[in-house]
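By written order: A, B, C and D. Residues from 1 in each chain.
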Amino acid sequence: MNDYDFELEFTVRDYELDTQGVVNNAVYQNYLEHARHEFLKHIGLNFNELHDNGTDAVVHKTELEYKRPLMGDEKFVVRMRAEQEGNVRFVFYQDIYKLPDNELALKGKVTAVFMTNGRPIRPPQEVKDAMKRAGRGS
Amino acid sequence: MNDYDFELEFTVRDYELDTQGVVNNAVYQNYLEHARHEFLKHIGLNFNELHDNGTDAVVHKTELEYKRPLMGDEKFVVRMRAEQEGNVRFVFYQDIYKLPDNELALKGKVTAVFMTNGRPIRPPQEVKDAMKRAGRGS
Amino acid sequence: MNDYDFELEFTVRDYELDTQGVVNNAVYQNYLEHARHEFLKHIGLNFNELHDNGTDAVVHKTELEYKRPLMGDEKFVVRMRAEQEGNVRFVFYQDIYKLPDNELALKGKVTAVFMTNGRPIRPPQEVKDAMKRAGRGS
Amino acid sequence: MNDYDFELEFTVRDYELDTQGVVNNAVYQNYLEHARHEFLKHIGLNFNELHDNGTDAVVHKTELEYKRPLMGDEKFVVRMRAEQEGNVRFVFYQDIYKLPDNELALKGKVTAVFMTNGRPIRPPQEVKDAMKRAGRGS
């Protein structure tokens, strides 16, 4: 349960810093979103194509614990796994570690629901198949 | 417990929308941050001045429930209150309602800690005084 | 030629500041875009509706002169006018002034083209009519 | 004059797209800023350290020509060179090419001035030395 299925490396960009000289809190959600979409691509799903086909993965809830601030010029990695929860929900566990020392910077849990025409749906078969390939499908 | 001490109105700006035509999830944190800083000013505290004096209010945790997406051209209001919790923590309850119909769009809980030189401190006296004036101090 | 047809007031939000304590250069483009879209609405055009109908106003060129940096907590106003130039181009002259002293912060010129299916088109009749109402149409 | 001294590769992130499904105009300035700071690091200058020492490189003017929109999932490269112009100005020529086909997406010219205490200064010796190492100093 504690392992990760995917990781993506980033470098802090100066425009992401605020007056305190640290990455602004909202920007972490950008990092996590980008990592989720790259993860979906990695298992064969494309967020933009799903959208064009009328299905959106909609974030329902985010819980973020800020452990250590990311600073200018730092490198870090988002490590993550996804799990189906109940019939319609996916939970993404996404943690950020500073590189090269692997200090935990953020602990995140993002709950998403697949929707068509504004209603939650059971995950499309292609999503289930992809999750199975990633070893996490039900 | 359910009432609010402060509110701030916004209009969605088109650059905040994503390809789904709704406000991107990260942008809600921008709205909440701006509302918190305006709230602090309202009770006589200035986030930038506190920072210049060596004290930062650092967000420790955010829990956001996305209830209804904000769309282009919509108006909305952030309603909020703050409560001291234990010795060093402040919790900001911040909810977003669409206008004019007051539909709940987001339910947020943001936990912050005052820090000096990277260490949590008891809230400065000026913060306590200001919170008392807002009727929420301990 | 030097007058303005429309203006929109803003307050700097702290998340827009960078480590230098001033509004990040990219954010001025956000301000200008929002002002353009509000201007279009003001003259009876809706950017999102135009897009849904297959027509996009696409920015072709921006020229921005940064005169004085906007700082935290400052209020400012975007003042602007639009002019048709040739058959397919619109030029938006957009200047930012600090309030309350009206110091020039930014001088901007944004050239846009209406496009359908990736090709420049003559402005739709509704755009021409709206520009005429604003006293600038050809 | 047409060659480049430095390049940096990027991948479009979905949160950078707007409702038109293309990268929002303001975001290009983020890309260019990040490329400039990485270029400065590459030649031995650190933007954040310069700032801590009281010297800021302040953007005075940006001229951006949008040639082809960047879309979701695309890879691209910022190619650039810097030239001193007069006593106090640096001009960064920064162009964006889509990968892998090297189609021109944006042509940019960014003029910056080094400032201390709000006044333009001749570039610090360390900047001149670094520019010389990059083969562009005067």
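Things worth noting here:
FYI, contacts are C-beta pairs under 8 Å (C-beta built on N, C-alpha and C of every residue); 3 or more make two chains touch, one makes a residue touch a chain.
In this text, all values refer to a predicted model and were calculated from it rather than measured experimentally.
Seen from the Cα centre of chain B, the chain whose own Cα centre is farthest off is D. Residue-numbered contact pairs of A-D overlap by over half with those of B-C, the repeat interface among B-D, B-C or A-C. Centroids built from CA atoms put chain C at 29 Å from chain B.
If you average the Cα atoms of chain B and of chain D, the two centres end up 34 Å apart. The distance from the centre of chain A to the centre of chain B, each centre being the mean of the chain's C-alpha atoms, comes to 24 Å. In chain C, the residues that touch at least two other chains are 14-15, 19, 21, 24, 26, 30, 33, 48, 72.
Touching chain A in their complex are the following residues of chain B: 19-20, 24-27, 29-30, 33, 48, 51, 56, 58-66, 69.
By the touch rule above, chain B contacts chain C in their complex via residues 13-15, 21, 30, 33-34, 37, 41, 46-48, 72-73.
Within the complex formed with chain A, the chain C residues making contact are 14-15, 17-19, 21, 24, 26, 72.
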